[in-house]
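Here come two complexes built around chain A, the first alongside chain B, the second alongside chain C.
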Partner chain A sequence: MTLTPKLGPGLGFGLGVVAFYFLMPLVSAFEFSARGAGNVYSLEAYGRIASQYGFKDVILLTTRLVFVTVFLTILIMVPTVTWVHLKAKKLRRLIEFISLLPLVIPPVVLVLGVLATMPNYLKGTPMLLALEYVMLAMPYTFRALDAGLGAIDVRTLVDAARGLGSPWHTVFMRIIAPNIRSAIFGSIFLTVALVLGEYTMASLMLWETFPTWIATVGQSEATLAVALSIFSLAFAWVLLLALSAVERRQKGRK
Partner chain B sequence: MTPAEMRADVAAATGGNSGRGSYRRLLRASNTYIGLLPFFVYSAIFLALPTARVAFLAFRDQDDHWTLSNIFESFHGVYLLSFQRSIQLSLVSAITGAIFGFIAAYAITVSKIGFLRRIVQTASGVFANTGGVPLAFMFIATIGTYGLVTKGLKLVGIDLYKGGWTLFTFTGLILVYLYFQIPLMVIVILPAIDGLRLEWREAAATLGASKQQFWRYIAGPILLPPFTGALLLLFANSFAAYATAAALTSGTIPLVPIQIGSLVSGNVIADEANLGYALGLGMILIIGFVMTGYAILQRRTAKWLS
Partner chain C sequence: MSIQSTVQRSSRVTISNLRRTFADVVALDSFSLNIEPGELITLLGPSGCGKTTALRMVAGLDVPDSGSVEINGASVTNLPPSKRDMGMVFQAYSLFPNMTARENVAFGLRVRGVGKAERLKRANELLELVDLTTQANRYPHQMSGGQQQRVALARALAIEPKVLLLDEPLSALDAKVRTQLRDEIRRVQQEVGITTIFVTHDQEEAMAISDRVGVMNKGNLEQLAAPDFLYANPATAFIASFVGAMNRLPGLLMDANTVKVLDTTLKVANSSHGFASGSKIDVMIRPEHLMMTSGDIATILDRSFRGPMTRIVVVLDDGTRINLDVASASAISINPGDRVGLTITVDKALIEAR
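Moving on to the complex of A and B:
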């Protein structure tokens, strides 16, 4: 009985320190962003975001990157992972290994190789970023979709649909997709969060996306940069919270 | 499945025609791979090819001849220092992050407060993915020269910046990195802590074990592989990080990713242009080595966790 663990004062203190460490920057960032002229608190920095130079272009480019990355990710990963579950169970390990490689090859190294291999017409367009973001997101998208497809009986569903004469695109759109809807949403959220936060490749390939723009703004206006940081973190957090809600629901169904 | 495919399957299952086995095997193999072709082609073009190119160029000089001088250079002078600094930074942030992450994870497990656990778990998932430029600015607002905590400490008589310390130094960077290292530790170690069964504690207690003995002989050995594995993952996580350091220090601390970044941006003497590839190759090798260790330990852990 003496060994039953309890939350004693030692552990409680430790947890308190960690909580303080995580909450303080949130509070401080908000306080900092609300510092107005003449020691008066105001939220005018947030109001200035939209009128800031370059804002429209940055939002436009980032949005385009998000859409292209998500589209390509779904287009490539959903059929691939479905195929793995349907016909190539033996290759699952290999596919998983390949999809995890972007965790071993850091973006800062990958960008070196990309600049050295890609043809000029691709290097001249920011959409090369989207093409690489698909790769960077793969460790997460593979896992999400793999878990989603592992939870349903793909083989039976596909055989039934094919047996009743539906073509492959119908199988994907009306059988597979609705059954792994939460896994698809999960990988979309992760991909969006990744694109909105990716700084390394964008800055080294000299494109102005949302994160690199914040860094640029920060060189002259710290208050505005902090406000933008809060804005972008809040957005990413909402996405990630939605993701964990989706995951919980998926687990609940299992 | 088309009728022909189904026939092939049935034939395969019943043994089929043994005379044409190799042809059939080839057909079946191509059947297995064909749906994976887009995936293979895509990762070959956008991952394998660029990576292979980095490895190749690490051994080439400006005039396209084979050379070892890039590799040699990357182990000398400021680049050797960068590797040392990167490894130090990753080690310290991994160990500190692992300790605090473990304490937090253990505390919420033993507290048995369900809602506390849910909050910490969700927050960890969110914070572990927080990095880059916004994180850097958040800390500038906290303990930068005009940060809230800096000002608060000044009010009680502590001047953080008196001794020449700034947020933009080695220790400052560690403080910032912990913001994504601790949550990652919580995520990775929670399942392992959950795996410590209450029955083991009771069994040990019944046999008269003390608290120290329980940790020394039961919990310690069980938690050591997952803890070490998590340590390796945290190491790799911080070793590869570029954005936060770049945004925060603007290159004042020599770290390998930062050096590569400035080589890409062209802040470099002409004959060092291929050096970046050697540094990149070095990074891949170190992270690959560490992650292999992580995978091995992970598999060992999975054995008793499931």
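Moving on to the complex of A and C:
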């Protein structure tokens, strides 16, 4: 109790500085994007976003990529990290190291590697890009899930569920997933943020996703470019807020 | 459905020559055990002797390198846990944190596709059996350790298992709850009439609740017998010192079957010991089989009051320490430093290398 007033002013000041640091560029960017013709403020630039060439396709493709990437990430990573915790504790360091590789290998190399190894029917589909995103997200998702599983007694819970006759998919759906919910949502957040912001891979693979589209469209006009980046920020925010609302609903149901 | 009908008929368990190795560790060597229908067998042994491994094999949570497990004569060695119907309670708290006590108990029935009304009714019956009706809607983190283990017991019994497997279910609990719960487990086991394997490394617990106790050592079953028989007739020195307290007294082997210790001649209990006559060996004597007399062969070192009995520690002139128990009423006059004599009140004993 006595700590709060003591910390109060210091903490407030700190938060103020941080808020200023983050908000100032946003505010300035917004101010710039709202400069209309003849020094009159207007949101006219934002109105033009939706009518830009390719807007609908880009939003659709990006949303699809978000969902596929999140789905694949959870489908691949949750069982993998669980397996590491159950059977291969000794391999954890090694697998953690492997999960870091996407951070150190240049995107060009990753793209070339994927193109060289993936089957032809995947090439030319955006699914290939989703697979790359799964890989790119791995350093973050592995850590989030690893921490989540580290906080519960996976071995005993799995044994108990299996002993009572659960098939593996029930073990995952009813026992593991509900007990590492925060970790799963954490990795979903990270994955969504990554897909919404990734530029290099998408442009190397010649797909027009939201970030590459912004770059292309924005080249022609400065106000529009800035309006676009603020719009993309808002888009990401809305998605993440929706997700956290879902998480809170789930928590409430428990 | 009454609780008794939980087990249509008790099962006979036949475990033959189970072997399981982890890299270079032999967890189970050649483990065999026959359990009569409705019997409660305790597996007793030091940490790392393979108790948990043995239970996991019976439950189907692990697969043996070789050997077999049969229930009522039918092999289940290669069946997954879902086809075995075993109820298991674990050493660590194992309730599903995201479910209430009742949902935990009903979980096995849910997996088996039992309808909601039926499984909740059944869960309530089982919670009643373990005296926890008032906790039905609590989550595990809202319950005490003892309550959690009782829910775990109810959960294991809910699926009408053929065999109940308990892996040190009491080891995380404090002493008082331990004895209460151990008696409750025995009561429930008798009420339901279910064949049970109970694992522990606490010999007192094993003695108190079992029909028969199996002592394990290094992946093998060394002896299987009723508690009183095991205590009185341990087959090996390892069992003797693991079950109850044991003194090692210096002795001299006269011939293959007789040994001299403290000027008394005793029969040797383990005839196939392989020592030559004249060997200096250790003789195993329980504290209650020693009596203090007037004499001059040992010095009193220490005494500690233990209720009706007092534990006395004496030391022989060669430095051997010996524990013995005397009635507390007659222990008052005994003081550290006193010189005393010792008499052995049994006529046979196990011997082991010095």
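Keep this in mind: the second predicted complex is superposed on the first by the 197 of 254 C-alpha atoms of A that agree within 3 Å, B and C clash if a C-alpha of one lies under 4 Å from a C-alpha of the other, contacts with A are read in each partner's own complex, and residues count from 1 in each chain.
Note that in this section contacts are C-beta pairs under 8 Å (C-beta built on N, C-alpha and C of every residue); 3 or more make two chains touch, one makes a residue touch a chain.
None of these values were measured; they are calculated from a predicted model.
Look at A:162: by the touch rule set out above, it reaches both chain B and chain C. The larger set of touched chain A residues comes from B, when the choice is between chain B and chain C. Of the two partner chains placed around the shared chain by superposition, chain B is the only one that A:31 touches, whereas chain C remains out of contact. Of the two partner chains placed by superposition, A:122 touches none, neither chain B nor chain C.
Using the contact criterion defined above for the overlaid structures, shared-chain residue A:153 touches chain C, although it does not reach chain B. In the superposition on chain A, contact is made by A:178 with chain C only, not with chain B. Within chain A, the residues touched by chain B in the first complex and by chain C in the second are 159, 162. Contact residues on chain A toward chain B in their complex (touch as defined above): 1-7, 11-12, 14-15, 17-18, 21-22, 24-29, 31-33, 76-77, 79-80, 83-84, 86-88, 90-91, 95, 98-99, 101-118, 131-132, 134-135, 138, 158-159, 162, 193, 197-200, 203-204, 211-212, 214-215, 218, 222, 225-226, 228-230, 232-233, 236-237, 240-241, 243-244.
Within the complex formed with chain A, the chain B residues making contact are 1, 31-33, 35-36, 38-40, 42-43, 46-47, 49-54, 57, 100, 103-104, 106-111, 121-123, 125-127, 129-135, 137-143, 146-149, 178-179, 182, 198, 201-202, 204-205, 209, 211, 214, 236, 239-240, 242-243, 246-247, 257, 260-261, 264-265, 276-277, 280-281, 283-284, 287-288, 291. Contacts from chain C toward chain A in the complex involve residues 56, 59-61, 81-82, 85-88, 90, 92-98, 107-108, 111-112, 152, 155-156, 159. Put simply, chain A touches chain C in their complex at residues 152-153, 156-157, 159-167, 170, 174-175, 178-179, 254.
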